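The structure that follows is given in the form of structure tokens.
We just call them A, B and C in the order they show up, numbering each chain from 1.
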Amino acid sequence: MLISGRVSSLVSLILIAAAVLLMIRRAKQGKVPRIRRLAGLDAIDEAVGRATEMGRPVHYTIGWASGGLSGSMAAQILAGLSVLGYVGELAAKYGVKVITTVSQPDTLPLHEEILRMAYQKQGKPEALAPDSVRFISIDLYAYSAGVLGEIEREKPAANIMIGPFWMESLLFTEAGFRQGSIQIAGTARTSQIPFFVATCDYTLIGEEIFAAGAYLSKEPIQIATIAAQDMGKLLALALLISGLLLYAFGNPITALIRI
Amino acid sequence: MSNKEKTLLDKLQTIDPRIVYGLLIVALIAPLLSPLGLPLKITPVVQKFYQTVESLKPGEIVFYSFEFGAGDYPEAEGAGIAVKRHLFAKGVKIVFSTTNDQAVLVLLKSLQSAGIPPDKKYGVDWAFLGYIPGAETAIAALATDMHATAKTDHYGTPIEQLPLMKQVRSIKDVSLLIVEGGGTETPTKFVRQWYAPYKVRYLQICISVVGPTLEPFVGAGQIIAMVVGASGGAQYELLIKRPGIAVAGMDAQAFGHVLVIMFIIIGNAAYFASKRGRR
Amino acid sequence: MSFGTRRTIPIIITFLAGMVMFTEYFFKVPFVSDAATMLMNFGIVIAAFALGLGAANLLIIHGRHIRKRTPRQWYFSAWMFIVMFAFIIIGVGYTVNAPAYVWLFENTLTPVSTTTYSLLAFFIASAAYRAFRFRTSEGALLLISGVILMLGNIPIVSISIPAIADLAAWINRVPTMAGLRAILIGAAVGTIVLGIRTYLGQEKGYMGGE
């Protein structure tokens, strides 16, 4: 019944799911964990405010990933989309234009719906510009060149990039720097994190982007799931240390990991 | 400190990027026009890649997945060409395929640049299964049954008609897997679908930005060795004693690195000098 | 359709699809495997149709630029249409193996893609010059490790001073790999928790919030 080689993965998944359910239950009982500040997410308000003062738009993009929502970067795409709604609501509230550039055509309807809902929530559905959502290209280099052009022409005061990014990360941050934009970026693609850290004002590293939606929602239940993430990491740490000790003492049980 | 000196220090901390770009263009082009032939060190990991290919016996099957698109391919072009030349020289049989639709034309160009020896017959010594859609599903399916996954080759010939493919049905018939390109995702998929269940020997060619991300797989023994970027390609070209475009680019790379380090030093020196001046 | 239904139906579909894929990955159940394959095929078909959506978006936005003669923009939009239709007509009419398509690919898309990628060399130089400063302890660490790695990549330096090459290799093999592994583990756990939140209907950001 169970496929061999995947039992340990299943057990880990069940333990993490149990942690999530436990933290949700505790949150419903009023025991909401305290989460440290994520400077990058807190800075979104500042960034959109700055754009409003300067009368320049906000640029938002979730990056490029082969396979789109069907690919291995789907989780990062969803993480990026979960922040777009927040940015859209702020933009609607302050009356500043938001431009979102899209590389994955299967996320295009999601971008449009998210922004439409955001503006509707602020009671300003008519304020959403018809060209706010701009599909560029599914090809990485065409998308990179297109977004560079958009940034040069639109001169955004805030450049927010959260999602899976490939080599376009540095291109966008340099273009944003040349326009004097405040830059907030986040990705779980390890090869691009150093570029963001070096060139952006605020960076979300790795797992922080998956917590972004929950963090910005400020809902107790969602915040509780962020704590469950930390419990998952503790589990990974426990496995690491026990594996290390077992290996050091001649490992009869590490064969279990191969189940 | 005088005002004029302060201004100079401030300027050195905020050099116009166009000056940086202009000097970098000169630093990169000059050694390409007039190569210095700077010496190159062969690293252990490239040596290991070379020895793994060298240990292949004539007639063994190599599955070669080519995943580079048009943009980043030039960085690892030297490496790819050198490895293909080495494989053809070893007399092994090579099955090429790709899960990236853009990679098809790039692979054909790469094969043209590598130069397929005239005694190597298509369908007998090498074959190209073409673009196989489905990403990780396709990769998993290829391992189980190549004939069911790729019914025809890139040219439309049913693969049962290719003499080479009569010897290759699944991963069990493959002695070595080489993946060229694919960023960080495709190699991870091959580790999951080819290495983890079947423990196939796996070599990787990648661009330099991807190298550190794939290092954990090399450390864990899932990937035997990697040739990374132009520098890895240059080393491989020297190992097969056919210096090419990668070796030619090494002088330019060296000059480029030196220029960037100089700018970093200038920026920091000016920063410290201006800090001291303000005290 | 009421607001509740608009939210509930996607959540139910997400949960059911997720459970099918979860079951298919961990358990050998014949009919579930077929359902999973069908769902994956749905995804491929949706992605293909989405390309049409993307093309429609391009037509609308760039068509508007051409109609309004947007300054410094409309001629680029016109050029985009010309190139787009050239590729479509030749690719569909003559197949992607036709000499004309191959010529277009090798002489337009390839050089432009390579050029875009090569911009990174210049941007890395300007970014490194700007970012690698001894302002903070983290900045100093970034500066020192970056310079050592760059020096290790210069062949003449790594041959004349092998210690630098060894140090660069150690930085790659030990602290960099440790950090990458930590980020990978954290990202993997984050992905799982995001997935569970999505299955439980707690993650609504991608649907436009609550």
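Remarks
In this text, contacts are C-beta pairs under 8 Å (C-beta built on N, C-alpha and C of every residue); 3 or more make two chains touch, one makes a residue touch a chain.
This one's a predicted model, so the numbers in the text were calculated from it and none came from an experiment.
Hopping across touching chains, the smallest step count from subunit A to subunit C is 1. Across the assembly, the mean Cα position most removed from that of subunit A is the one of B.
Taking the mean of all protein Cα atoms as the centre, the chain whose own Cα mean lies nearest is C. For this pair, subunit A with subunit C, the centres built from the Cα atoms lie 13 Å apart. For the pair subunit B and subunit C, the distance between mean C-alpha positions equals 19 Å. Centre-to-centre, using mean CA coordinates, subunit A is 29 Å away from subunit B.
Counting partners per residue, subunit C has 40, 44, 109, 113, 116-117, 124, 126, 128, 130, 132, 180, 184 as the residues that reach two or more other chains. Residue numbers of subunit B whose C-beta contacts span two or more other chains: 17, 69-72, 212-213. In subunit A, the residues that touch at least two other chains are 67, 70, 139-141, 167, 190. Within the complex formed with subunit B, the subunit C residues making contact are 40, 44, 96, 102, 105-106, 109-110, 113-114, 116-117, 121-122, 124-126, 128-130, 132-135, 143, 146-147, 150-151, 153-156, 158-159, 165, 169, 172-173, 176-177, 180-181, 184. Interface residues of subunit A, counted against subunit B in their complex, comprise 5, 66-67, 70-73, 139-141, 166-167, 178, 189-191. Only residues 1-3, 6, 9-10, 13, 16-17, 20, 24, 67-70, 75, 78-79, 81-86, 89, 102, 104-106, 108-110, 113-114, 116-118, 121, 130-131, 133-135, 137-142, 144-145, 149, 153, 167, 170-171, 173-174, 177, 188, 190, 193, 195, 197-199, 205-211, 213-214, 216-217, 221-222, 225-226, 228-229, 232-233, 236 of subunit A touch subunit C when the two sit together in their complex. Against subunit A, in their complex, subunit C makes its touches with residues 25-29, 40, 43-44, 46-47, 50-54, 57-58, 61, 64, 72-73, 76, 109, 112-113, 116-117, 119-120, 123-124, 126-128, 130-132, 142, 180, 183-187, 189-198, 200, 202-203, 205-210.
Residue ranges of subunit B in contact with subunit A, taken from their complex: 17, 69-72, 100, 102, 135-136, 183-185, 188-189, 196-197, 209-210, 212-213.
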